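Next come two complexes, and both contain subunit A; in the first it sits with subunit B, in the second with subunit C.
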Partner chain A sequence: MCVYNSNKRKNTFHGLFFILPSMVGVSVFILIPYLDVVRRSFAGAVSQTFTGVQNYITVLTNPAFRLACKNTVRFAAVCIPLLIVLSLAIAVFLQRQGPWGQRLKSVYLIPMAIPAASVVLIWKLVFDRHGLLNGILSGLHVNTMDWMNTGAAFWVLVFSYIWKNLGYDVILWIAGLGTISENIYEAARVDGAGEWNLFLRITMPNLLPSLYTISVLSFLNSFKVFREAYLVAGDYPNDSMYLLQHLYNNWFRDLSMDKMAAGAVLMTVVVSLLVLLLEKAWGKDIE
Partner chain B sequence: MKINAKKWMAGVMAGAMVVMTLSGCSKTAEGKKETAMGRYMEEEINLPDGAGYLADLQKKSDGTLRLTSMDTNSMTYTIYSSDDGKDWKQEEFPMDVNSGALQPNGGDLYLNMSPNGEIMAREVCYDDSTMAASNFYHFIGMDGTLTDLTIHVPGKETEGNEINGVLFSKNGTLYVTDYHNILYKIDKATGEIAETFDGGGEEIRVSAVVGNQCILVTDSQVLRYDSESGEQIKSDKVLTDQVLQSMGERSDSYGGLPVISFTEDKDGGLFYGCSDGVYYHADGGSVCEQIIDGELTSLASPTFGISKMIQLDDGSFLIAGLENGETSKLLRYTYDAKTPTVPDQELKVYSLEDQSFLRQAISLFQKNHPDTYINLEIGVTGEDGVTREDALRTLNTDILAGKGPDVLIMDGMPINSYIQKNMLLDITNVVKKIKKSDGMLESVTDAYKTDGKLYAVPAKFYVPMIEGDGDTVTNFAGNLKNLADRVEALKAENPQQSVLLRMSAEELLCELFYADSANWVQKDGSISEDKVRDFLTQTDRLYKTIVQNDAENSEYTSNYSTEMSNTRDTIARYIMGLVTGEGKIGIGNLGSIMNFATVTSAQEKMPEAGLQYGLLDGGEKKSFVPSVIVGINSGTKQEKLAASFVETVLGGETGTQGDYLLSANKKALDTVKEMPWGANGTDEIGGMAISSEDGTMVEFLIKKPSKEDMGSLTSMLESLDSPCINDAAIVDPVMEQGTAYLDGEQSLEDTVTNIMQKINLYLNE
Partner chain C sequence: MTKKHNRQMHAKKYIIWAVLFAAGFLVCYPIFFLVIGSLMGQVELKEVLGPVLSGNGGYVNFPFMPLFPTLRNYVGVLMDSPEFFVMFWNSVKTTGAILLGQFLVSVPGAWGFARYDFPFKRMLFTLYILLMMMPFQVTMLSGYLVLDNIGLLDTLWAVILPAVFSTFPVFIMYQFFVGIPKAIIESARIDGAGELQIFLIFGLRLGAPGILSAMVLGFLEYWNLIEQPLTYLKDQSLWPLSLYLPNISLEQAGTAFAASLLTLIPALLVFLGGQEYLEQGIMAAAVKE
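Then we have the complex of A and B:
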């Protein structure tokens, strides 16, 4: 018993020793700066004097913050389910195509390989007031619109996100599908199960661990869509696609470090809670 | 044992990684700093009495200096000679050059002397109607013999090409340059071209004769020729690269002088001087060494141009040049081994864009504070794709890291946000001090007054102006609706005649925005949607009168940029259109008293039109466009020095430089009013021939405004009461969406909705 404890402590010590370099990096570049952000959220922008919870009150009553939160939540609520369902459908389809499907899956990764600057150029070419899309609509005698300056801008953003991330999620799903033994399906088929039942009763339950990972990654990737949105529409896009990142970006330009810090802390709390909820909801199934 | 070795190795590697990671955060070892010593110090040499325009500066073969100058009052030429420029003694020309014998045709006279005393006189006559120049040449030998020369440069008859410069080599060979900067070697006896030095098909930007070399600088190379044999000297890549870098995009400096000036070294090397300073390059050497840093001298001033540079026997330099394009200056640069190479103190100044007014202030400050180096950082240079927003974010990062600039020029920056965050120091006392000594236009200095304190003060400004018939200016320039009514009525009277001059939708929006936007701001700081709608409606009415029967105008584009403050001084170009009859009303921004002269000269040119000028008001407020908005970073550790620099920026001396920009300093305005403007002491600034739409040339003489006009300008400036909206987050959507509306791409309501949505987002943040 004593020998066991000694070995366990030794192993723990060795483990700590190995994670130390990355722990130092994470601490220096993430944890310590984040603690400074928390401190700043209770202080003035430049003077750094203690202001209590005033920054939080300012942020929570700020109409731009509320709009950005609403849009960010709306964006995530629309995009993530859509992306997960679409990518799953394509992954299942591709897996059933055998070797052909394996080759085809690489094609879905192409959008990820295209640099943001090129994507932005395509966006501008297609969705500009004088762009390709309006040119086609005009040719078909359909009313054109200024895509980036109307509510349509939100759906352009959704389209861009799905287009860019679909391939990545498909690959993740295919990896998950690959872990399900073919024997289970064969056994079920022998018992008379149909394709729909196979999917619902075997595929879905076995994909739950993947679903958690894919959901979290898709959620985090949704923040990256800001890059394209900013490059196309600038600091102040149509208010349907005004995201939290736009707001932080503009606050930084105006040196509103107080509001930015409070907003960042609030956002961390919400994202962490969401991830914990997901883990709790699917955690048992994962184990 | 094997396992232990592996563990140790893994441990060592992990440790090494930790050390490497942390080493990136460590400070570099600071050794004992040794201050580099030795710098060329600038000193202005008092010119001899009566010396005005410096026509030439030479070092004779015996080492003495010779200065040829023209008295600007009596228009007579004089030569002075001295050992080292301290004591000037008058010498005689070989003949009386002021007798009129060299101006038989009554033209303007330009003299150049060879090192051995020969004189080339160039008499330039201008055609009254076309302003085309015709030259006559007279050559005076060492014995005073006068010979008339006829020099024909290619293109003289076909395109009016003429000689615009005369040069002598060290041994007295005569060279001339033409309008294309092509260099010709001339036979002094016959006037025939003995040799042509061209740029090999490329445009020549600078041509010079230095010692026994002819030097031509084109866009991509520095060509050198032996002045006697005419043979090309092997290209020198080091010299070429440095010269082209020093020249940048410029073809000439202020006053029309070449961007750079060459002189020879006794060992065969070359010196050249430019706004960057003075450089030395040994023939075939591997470096081009900067021996004088222009930033620490008057050379960097945007209003100073070098006309001649020579090196004295003791190694010091004499540089002759023109300040403001008209005042001659002679500067000596003497090496002082006891002065630190770089000044001990450094003051960081940050501006989003480069501005000549700021450069002038820096040059003045540097001159009065030789122990201080002004480190000017420009955020948006246009060379690296950095946008205004990128630059602001970088600036903010520096400020938060405690590495921010000492002084901020806040054009295009979120000024109110900076004030609210206590990021700026109160400079009320600095302004008070200048108010006491010089007087300041309070409406301008108080543009950003907050709680009775001044944190950001504009040093100069622009005013929206209108010039047209008296009725329009007096009765209809008070608001945009009245102006639109009037312009439509005038257009209806004569549909074929343009009323407003041709301008793009963005240009019109911009000119009217500056006049009207001050009225949009409501008491709570929000922007009135109704005012924006009205602005767009009236602007659209005005724009329709421009494009009504001008199909080409829809294709009209210009290089105008709303971001660049240097392009805001627009009134003069519209006044030119009035003079040529292309329109009846000119609107634009006035940024300098020099351009005000254009406004008043147009009245004098066209008495029959009954032209009047006045402020263009969009509504109740008389607005202006603040510029060079200066403030001090509250994080500075050099508060006194920064305040001293702010004092220079807002001071009277800066305001009297260049084109006499509209300065908030009253003394500067008064000085400009009183001083003679013309190079020869007269009030005539210059003339120009403008091509009208039907191809005829219209001569336009620009004169200094009369005392009455100056008085009227002062009253107008003193009546200003509100800064226009100058925040890019509001200006940009108005320009972008407004242009689409004026071009008929979207409805008024969509345009207003889009603009207000973006503005409200910004204000809500």
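Then we have the complex of A and C:
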């Protein structure tokens, strides 16, 4: 008993020894200042006195905040399902195609390596009113449009998100597909099930755990489209692609600490809730 | 199965391949685009990009090959724009320092989480995962406040230090370290190896794929930093390449093309060299713990 206890204490000591540098840094640079932000979210910007939920009311009734919220939600609602379905279809096909499937998978991953700054120039030239895309469209006698300065800007953003994340999600799906035993398929084939049936009855149910992680990761990556959006269109892009990230950036420039604090807390709550809710929802189906 | 049915299946498969290859080409097109543009002379660029530059009539019609390939643009960037070097060097310093810092902090951290038990471990690890999931906007203000407090705003440290303590690499490496068989470690312990020795010999060696995965993912992320330098660095001479490129006006398209490609090259090299680890790293995030 005594040996066991001293072992346990040793274990604790060693473990803490290894994670200590990381924990100290995380506390100093993230956790403690974040608690300060939570405090500020309940205080006046100048007076620093307790003002209750005043900041939250200010933020939630702010028209710019509502617009940004609407766009961010709309963006996630459109592009995440699109990306997930598209990457699943590609993964299912590529998984059994040998070396060429492997190569193509790597090709789809390349955009991950292309810095946002390098594509800005291309985006500007392709989606300009007199750009490459309109040139092709007019050649096909299709109506051209001013992509960056109309509602179409939203779809340019969706496209760049899919472009950037397709390979990433294909890899995740292929990893998920790899965990399904070939024996199950063999058995079902012997029983005369068709390919489509196999997909619905075996592949889909077995991929549910992957669906959870892929949804969450795709959601988190969706915040990064801000990079392309900001570099191409600046602080105030077309209304249709004005995202929460733009708004926070502008608040920051105006030093609206009170709004930023409340906004940060709201975002924390929403992101945590979404991640937990998704886990709950998929979790039930998995069991 | 009938012959006709078989032929139909084949035709379908070829169509899918064709679509996938076309998509693959489209995905890589930005790279070709940069290469072609960077090799064009000034006159040709003016002509090709004329419609966008002048804003009147016609459309950009981008060729598949430059008419008169020239390396002038590269000479221009490498010889005549000292600011390119400053920014390139800023990017190298920032990325290098972050990865080194992450190596020193996160590798032991991940090892501690993966191989030892201590009170509140689960809670702490969940907190790490939650932190890794938060978008930058959540910690933007808190980061600013702490950096302001210790007087690091407007220095490269303002970008480096918060990134060093990102919990993402801890999570990735944890997934790999957990997979090292217990028996190996136990037998080393019986042979009298100390905990630090075990970490340095077995952890670093057997966990190397995990460490490399985190580093490759990290490089691609930090070479591409936008939000952090934009928020914490007012002094433009400290900016990384990622913020410098968009400021080159279209009038100097040649420079912009060449500089964009030069920025892309290090990331592409890391991608090609570390592709296997990159894929492992991506998959590590998807493993359900």
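In this section, the second predicted complex is superposed on the first by the 254 of 287 C-alpha atoms of A that agree within 3 Å, B and C clash if a C-alpha of one lies under 4 Å from a C-alpha of the other, contacts with A are read in each partner's own complex, and residues count from 1 in each chain.
By definition in this document, a residue touches a chain if its C-beta (ideal position, glycine included) is under 8 Å from a C-beta of that chain, and two chains touch if they have at least 3 such contacts.
Computed from a predicted model, the values in this text were never measured in an experiment.
Student: By residue count, which of the two partners contacts subunit A more extensively, subunit B or subunit C?
Tutor: Counting contacted residues of subunit A, the larger count belongs to C.
Student: In the overlaid three-chain picture, which partner chain does A:Val269 touch, first (subunit B) or second (subunit C), both, or neither?
Tutor: So A:Val269 meets neither subunit B nor subunit C here.
Student: With both complexes overlaid on chain A, does A:Ser47 touch subunit B (first), subunit C (second), both or neither?
Tutor: first
Student: Scan A:Leu200 for contacts with subunit B and subunit C and give back first, second, both or neither.
Tutor: It touches nothing on subunit B or subunit C.
Student: Contact-wise, after the overlay, does A:Asn62 reach subunit B, subunit C, both or neither (first, second, both, neither)?
Tutor: It touches subunit B, and subunit C stays clear.
Student: Tell me the contact category for A:Met260 with respect to subunit B and subunit C: first, second, both or neither.
Tutor: A:Met260 contacts subunit C only, not subunit B.
Student: Per the contact definition in the header, classify A:Asn149: touching subunit B only (first), subunit C only (second), both, or neither.
Tutor: Touch status of A:Asn149: first partner only.
Student: First (subunit B), second (subunit C), both or neither: which does A:Asn250 touch?
Tutor: A:Asn250 contacts subunit B only, not subunit C.
Student: Just subunit B (first), just subunit C (second), both, or neither: which does A:Ala77 touch?
Tutor: Neither: A:Ala77 stays clear of subunit B and subunit C.
Student: Per the contact definition in the header, classify A:Asp235: touching subunit B only (first), subunit C only (second), both, or neither.
Tutor: first
Student: Which subunit A residues are contacted by subunit C in one complex and by subunit B in the other?
Tutor: 14, 17-18, 21, 25, 28, 129, 249, 252, 257
Student: What does subunit C use to touch subunit A in their complex?
Tutor: 16, 20-21, 23-24, 27-28, 30-31, 33-34, 37, 49, 51-52, 55, 57-62, 104-106, 108-109, 111-113, 115-119, 121, 124, 128, 130-131, 133-146, 161-162, 164-165, 167, 170, 195, 199, 220, 223-224, 226-227, 230-231, 241-246, 250, 253, 256-257, 260-261, 263-264, 267-268, 270-271, 275, 278-279, 282-283, 285-286, 288
Student: Can you check the complex and tell me which residues of subunit A touch subunit C?
Tutor: Residue positions touching the partner: 8, 11-12, 14-19, 21-23, 25-26, 28-30, 32-34, 36-37, 40, 90, 93-94, 104, 106-122, 124-125, 128-132, 134-135, 138, 163, 166-168, 171-172, 175-176, 209-210, 213-214, 216-217, 220, 223, 226-227, 230-232, 244-245, 248-249, 252, 257, 260-261, 263-264, 267-268, 271-272, 275.
Student: Under the touch definition given earlier, write down the residues of subunit B that touch subunit A in their complex.
Tutor: 7, 10-11, 14, 17-18, 21-22, 25, 389, 392-393, 396, 399-400, 414, 417-418, 421-423, 634-635, 729, 732-733, 737, 740, 745-746, 750, 754, 757-758, 761-762, 764-765
Student: Applying the document's contact rule, which stretches of subunit A touch subunit B when the two form their complex?
Tutor: Counting only subunit A, the residues touching subunit B are 14, 17-18, 20-21, 24-25, 28, 44-47, 62-64, 67, 129, 146, 149, 234-236, 238-239, 242, 247, 249-257.
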